[in-house]
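My questions all concern the structure below.
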Amino acid sequence: MSSLAAAVSVPAPVLLPLHRTSTGLVTGLGLLAVAVLAGLAVDDYWFNAILIPFLIMALAGLGLNLLTGYAGQASLGTGAFMAVGAYATYNLLLRLPGLPLPFALVGGGLFAAAAGVLFGLPSLRIKGFYLTASTLAAQFLLPWAFNQYGWFSNYTTSGSISAPRLEFAGLDLSTPQGRYFVTLAAVAVLTWLSINLVRSQAGLAFMAVRDMDTAAAVAGVPIARTKLTAFAVSSFVIGVAGALWAFAYLGTVDSRSFDLDRSFTVLFIVIIGGMGSIAGAFVGSAFVILLPILISNVATTFFAGAVDAGQLENLQKILFGALIVVLLIKEPAGLAALFAKFRRRLATWPLRP
Amino acid sequence: MTGPLLSVRDVSLSFKGIKALTALSFDVAEGEICSLIGPNGAGKSSLLNVLNGVYRADAGEIVFAGERFDRPTPIEAARRGIGRTFQNNALFKRLTVLDNVLAGLSRTARAGLFDHVFRTGRARREAAAFRDLAETAIAFVDLQGHRDALVGQLPYGVQKRVELARALVSEPRLLLLDEPMAGMNHDEKAEIARLIVDVNAELGTTVVLIEHDIGVVMGLSDHVVVLDYGRKVGDGRPEDVRENPDVVAAYLGTRH
Amino acid sequence: MAFFIETLVGGLLAGVMYSLVAIGFVLIYKASGVFNFAQGSMVLFAALTFVTLREAEWGFVPALLVTLAVVVAGAVAIERFVLRALVAQSDLTLFMATLGLSFVIEGLAQILMGASVHELDLGVDDLPIEFGPVLVSRFDLVAAATAGTLVVGLSLFFNFTRTGISLRAIADDPLAAQSIGIRLQRLWRIVWGVAGVVALVAGLLWGARQGVQFSLTLVVLKALPVLVVGGFTSIAGAIVGGLLIGATESLAEIYVGDLLGGSVSTWFAYVVALGFLLVRPAGLFGERAIERV
Amino acid sequence: MSADAEPILAVEAVEAVYGGVVLALRGVGLTVRAGGISALLGANGAGKSTTLKAISGLIRSERGRVTAGRIRWRGTDIVDADPSRLVAEGLVQVLEGRHVFPQLTVEQNLVSGAYVRGAASAEIAEDLERIYAWFPRLKVRRAAKAGYTSGGEQQMVAIGRALMTRPKLVLLDEPSMGLAPIIVEEIFEIVRQLNREAGVSFLLAEQNAHLALRYADHAHLLENGRVVAEGPAADLAGRDDVAASYLGGGEPAVRPRRRRPAPSIQPDIGP
Amino acid sequence: APATHAEEAKQQYFPLATFRVGAYASSGIPVWAGTIDYFRYINEVEGGINGVKLFWDECETEWEVEKGVECYERVKAGRDGSPVPLFLPHGDPISKALTEKSVADKIPLVTTGYGRTEAIDGRVFPYSFTVLFSFWSEASSVVNYIAEIEGGKDKLKGLKIATVYHDSPYGKETQTPLAFLAEKYGFEDIQIPVPHPGNEQSAQWAKIRQLKPDYVFLRGWGVMTPVAIKTAAKTGFPVDHVIGGIWSGSEEDVRPAGAVGKGYKAITPFPAGADFEILKKIKAEILDKGLSDLKDPKSFGSVYYNSGVIEAIIAVEAIRTAQGKFGNRPITGEEGQWGLEHLKLDDARLKEIGAEGLVQPLELSIKDHEGGGAGKVIQWNGEGWDIVSNGWVKSDRDLLLPLIYERAAAYAKEKGITPRSSDSAAN
């Protein structure tokens, strides 16, 4: 016991909300169970077109959220770090025959983390949109290099890389269901670890740097190390997402799959879902990846034939754009905050306000 | 230990054309409460910024706890046990009160990233110990009722106390307080003053305080340093300073 | 040597074209701290409106005037329906909203004006002029002159008028600006209107260079490094940044590209910009963030 | 001036909500008489700032809303009025916490206050000199970026800037905060001078109750978003309950204390 | 709208992954119009393929990979009991993303004028069909066309041919064959990359001015092409010595360049023009009767419209071929593969269809998923395209195929695929 505690003795309360994991844990395990059950029940379309991309983009969103939402460093290099993860995993599997898949994924993540640290160095000096713009250097340089130097893609004519053997412990994981479970496992583990991180003192350091770095430094947070750690951790997660994107989702990719648009998409997921919220990455991914599919399915079901196909597509695009604007006006803190507010309202219902 | 805890020797600081501090020297003894007063723009906050590494002095030396310490970084200052509150609340606005206070423990954190991510025993033990400390600090400044509130939405005066708790929780040897009572009413000031006295008395924390309420300064300080235009114009016991005609003219005005 | 000069001049002239796009960003960033992702869509929309009118046999001037009116009306609508509701939100939120906006604008453009590719003839012929051994395009000279005029005019306007100071006040602290009666909404309308006009000019010049088509929206990629080098808040910075980036990009393509065996200009500009930032974290002319404690 | 003349500002039963959830005002009523100085007292979080922002219309920029009640300014209802219109009509607020434009110089900050009037340059120069006469420190720092000035200097900038609008009613939120005693005195003197000579009315939210009650003619006591007491300043200053919690019963905040030897305790924290 | 759904099980489902929105809408709109118009022609005029009518769904991809994958997954199971005979991914990145899925789903991907070159080797890529004209053939045909105008392959020696390419996997794909052919024929191969999107090329053309190549082979994409043409004119390079690649050779590519585009040439497997027999029929039966999907009749007979028709012809003929073996009913993907691998469009058959001169003679097999490998050179006259080559310009496929097989074998090794044997044709 410290001397401060000796100075005033107040019983420490029992309930500690931030660190109260019980309901979160229950919800999390519940969702995981649903995800596993879904994996046994749904068909190829759901795996290949919905669940797998949704989970992977949520994972990428989670990774970027660690950096942007928690540590306050907005990056547009996500696509590049995904590319590093994908190309590194590919080369590890190619060049180290017999390397088990999980290790290759972790290895890919580590390479991405290294790239993240390298391109995170400017954050020690540069802030705000200037930093964001400077991460574009990574975004343009890295995919360029993968396209430029044939070594990275093992000199294929098309410059693309293809899913290596997806197997683990004798299981063939290259079926849609197998790829789904690979993805789900990676997402579940990384989500769990990320939750641990953001709830720890290290996560607190991230947020302190985000909210006010001078004050954080004065409190003893090592700013430089914290920022670079954030870049590393975030890029690791993003790198794994990149590898999954390449191999569990698309199968064959080239550097164009990781272009600036990819970076933007992930950033949208983070902002729409809610910065600084783990759940936000998932909700955001649902919004950004699934909503257009939903709109398009609904539109084709109800309006195909009635409205000109091209105009219908344009209307969908306008609708999606308008939804983004409306959502941000209604709740600038993102969908996760909207849900939280909604829950609070429910809890106090019918009392006002 | 003999000698002052903090010794400032000929410290100068300037910004494009403005001399914020000019060859400033003074000592703070271990365990005392030293107040810095002076007109607006005299350089008080700048001095605190130099002491804990937010600004780098152009010249001069600082000796803290017997060691030379001229141009510290904020981290070094924190590691050596210098705590700080700010004039414009520098809180982590989107964190709860509890988290803000926990962040104040960063300088003593030992668990690494790996520990945190995998929740090793070490991380868990540290987290538990930190939480006890934070809860105690929160209780100390009487913020239990706000523990889980987001700091950004708290009234100004409450924020000031959060900042105090954040600075206190890691039990620094030297506490730098920049106008901790600004924007408070009489009762609230008395409350904060009591806290400062308690910290000083119970923990032996040395305090350097900037405050414009002269009543508080007189009541609280062992020692007052007066700055004007970056220079020291007075240094001594509160009573003496108060009588100093220069101080009255430049700072207090006739009514006091 | 002639080759070097020619490359350099080509790069500089291209750089001016980049500046033209960058200015649109600077205006809005200066006034509201918004990084306007929709700038590219505005460029497209403006150019598309103009060519559509021209193809419907409108005269040059009437088409230009009507396009101007459309663009300004659009700007006013954006202020009314998007910005006003989002006042004092975080930078990223606003940025995001402009992204949503760009979807709406692009969708509208295509619904109203179709997706075809158009030729845009401004009547400036594009044949080379020779200065000794160096070839320069007449069109590029005209474009550079236009951009230069625009930059000078806007810099004067924003640096020396009350509107200019008010705009900077709004960008610094919208709440305080409102508290002393600065009319946020009116100024935003002005700025978005002016940005719309800049988008129109950029759209016309770029459209004449590459045809009016969807990929006009991509010209913003060229503007980003320019902004970084020049600073997000400086119109003069946009032009200097444009020249710098245009020249380095062009020279790098020739002299570095060969070494690395590829087209380096995609990333070279960004790496240059990054280098600049390390030395000057707010670009050449940008305002450094102030954090006093 | 007669007491029953139409007040320049009348706030009736105003409720205000932030972000659709936090109810910050629960029925505030107060009046400011033309040519009067009213003080608004209350503990931290009582709702003083919110009241002022509700009046000036700035509350909407913080995602707040006035949900009930009326606010009348010179006879017209101004709930939901545009802040800039109010400023143009002479109602200006000085925000709490030194809201200066950090990237503008001190002088540009001040000058920007005159824009709403569309004032001529000569007129602006004249007003500027007046502000500089009141706050000489600002004249010294006129070319510095306001963001780099000290806390007190920023407070002066914020007040000076508001005065540049040539207001009829100033909503002053904690003007004394962070100012040296001599400047605080001066500011209150300026308030009094403007009030007496130019007929400017003031609504002051102030923690320094001593001072506020000395300069104000009328005072309102706010607790938990409600006005719990009001009356002439002198009367309130005389009331025991007010004295006890806002004036410290006449005692200084801190009594001089005796020295004690410092116990030497080494920090020992960590797992 | 699709045909009535009454007797659908007897109809052939054919999903269309369109892109009518977004960056590439200007090309997508005429392409799909060509395809749909031909399908309507088959349904309305010929009463279906051997009586089996076609019906289709559209699914928008915006030419984005994920949306393309989603579309493919949405439609791949067929509809109302009618299976998917083959899929037109229409986009290089999308086709790559579908390569493996298509094998698992047994749905052939038909990529005309794009797609993996190695996929010519059907032993390794059983369900990818780089029909008509691969990128390698494109490069080789351009070289052969230059030889044609120079007066023989021996004249290639000493020529400088600069390739200005879009710096992407697509753009780089001709580097290998060109290096190989340069060695063989003795011309100098210069490669000049243009970064995406290619809206600024002054440096590249300054370099060309310096190197003074005899011909420029322009492998552009999107806005890169008009900018290249304009910049060429600006720097004084003769536009008629610029020969565009497949994706630099449409009206949409030259029109924005304005007057200076006159004289520009391009190689294409999709010759423009409305005089081909089948186009006349489509015009009479579909366009003039208001049944066309085309909004802007000006595009009729354009490169993109014709490419849509050509794809549709290949698809229909493959289905017809499969029906020959499996019966006149809706064809599955597996059967579609058989149909494709036995597709033979000789002059006689092309004449029957009315596609003589529009579609090159084709003969596909397991070892050869390309079949053709020739293109025509078209030249812009300011209004439209003229065909200027002497019929189809063939590529040196016999030289290149061994190299391609080598690459395919390497891919098979990397992926652990056991190639099919080429005479498993009967199954």
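For reference, chains read A, B, C, D and E in written order, and residue numbers begin at 1 within each chain.
The rule is simple: a contact is a pair of C-beta atoms (placed from the backbone, for glycine too) under 8 Å apart; a residue touches a chain by one contact, two chains touch by 3 or more.
Heads up on the chains, UniProt names are A = Amino acid/amide ABC transporter membrane protein 2 (HAAT family); B = Amino acid/amide ABC transporter ATP-binding protein 1 (HAAT family); C = Amino acid/amide ABC transporter membrane protein 1 (HAAT family); D = Amino acid/amide ABC transporter ATP-binding protein 2 (HAAT family).
Values in this document were obtained by computation on a predicted structure and should not be read as measured data.
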item: Given chain C and chain E, the chains that contact each of them; value: A
item: Pair joined by more contacting C-beta pairs (C-D or A-B); value: A-B
item: Distance from the mean Cα position of chain E to that of chain D, given in whole angstrom; value: 73
item: Centre distance in Å when chain B and chain C are each reduced to the mean of their C-alpha atoms; value: 47
item: Averaged-CA centre spacing for the pair chain D and chain B, given as whole angstrom; value: 27
item: For chain A paired with chain E, centre-to-centre distance based on mean C-alpha positions, whole Å; value: 37
item: Multi-chain contact residues (two or more partners), chain D; value: 148, 265, 267, 269
item: Shared interface positions of chain E, touching two or more other chains; value: 20-21, 25, 29, 167
item: In chain C, residues with contacts to at least two other chains; value: 107, 110, 115, 221, 262, 264, 266, 292-293
item: Contacting residues of chain D [partner chain C, same complex]; value: 56-58, 61-62, 82-84, 86-88, 92-95, 99-104, 108-109, 111-113, 115-116, 145, 147-148, 158, 161-162, 164-165
item: In the complex, chain E residues that touch chain A; value: 1-2, 18, 20-21, 25, 29, 57-60, 62, 64-67, 69-70, 72-74, 76-77, 93, 96-101, 104-105, 116-118, 136, 167-169, 172-173, 176, 407, 410-411, 414-416
item: Chain A partner contacts - residues on chain B that touch it in the complex; value: 52-54, 73-75, 77-79, 84, 86, 90-96, 98-99, 102-109, 111, 113, 116-119, 123, 126-127, 130-133, 135-137, 139-140, 144, 147-148, 166-171, 198, 202-203
item: Complex contact set, residues of chain A against chain C; value: 68, 74, 122, 125-130, 133-134, 136-137, 139-141, 144, 147-148, 214-215, 260, 264, 267-268, 271-272, 275, 310-311, 314-318, 320-325, 328-329, 332
item: For the chain C and chain D complex, residues of the former touching the latter; value: 87-88, 162, 165-166, 168-169, 171-184, 287, 290, 292
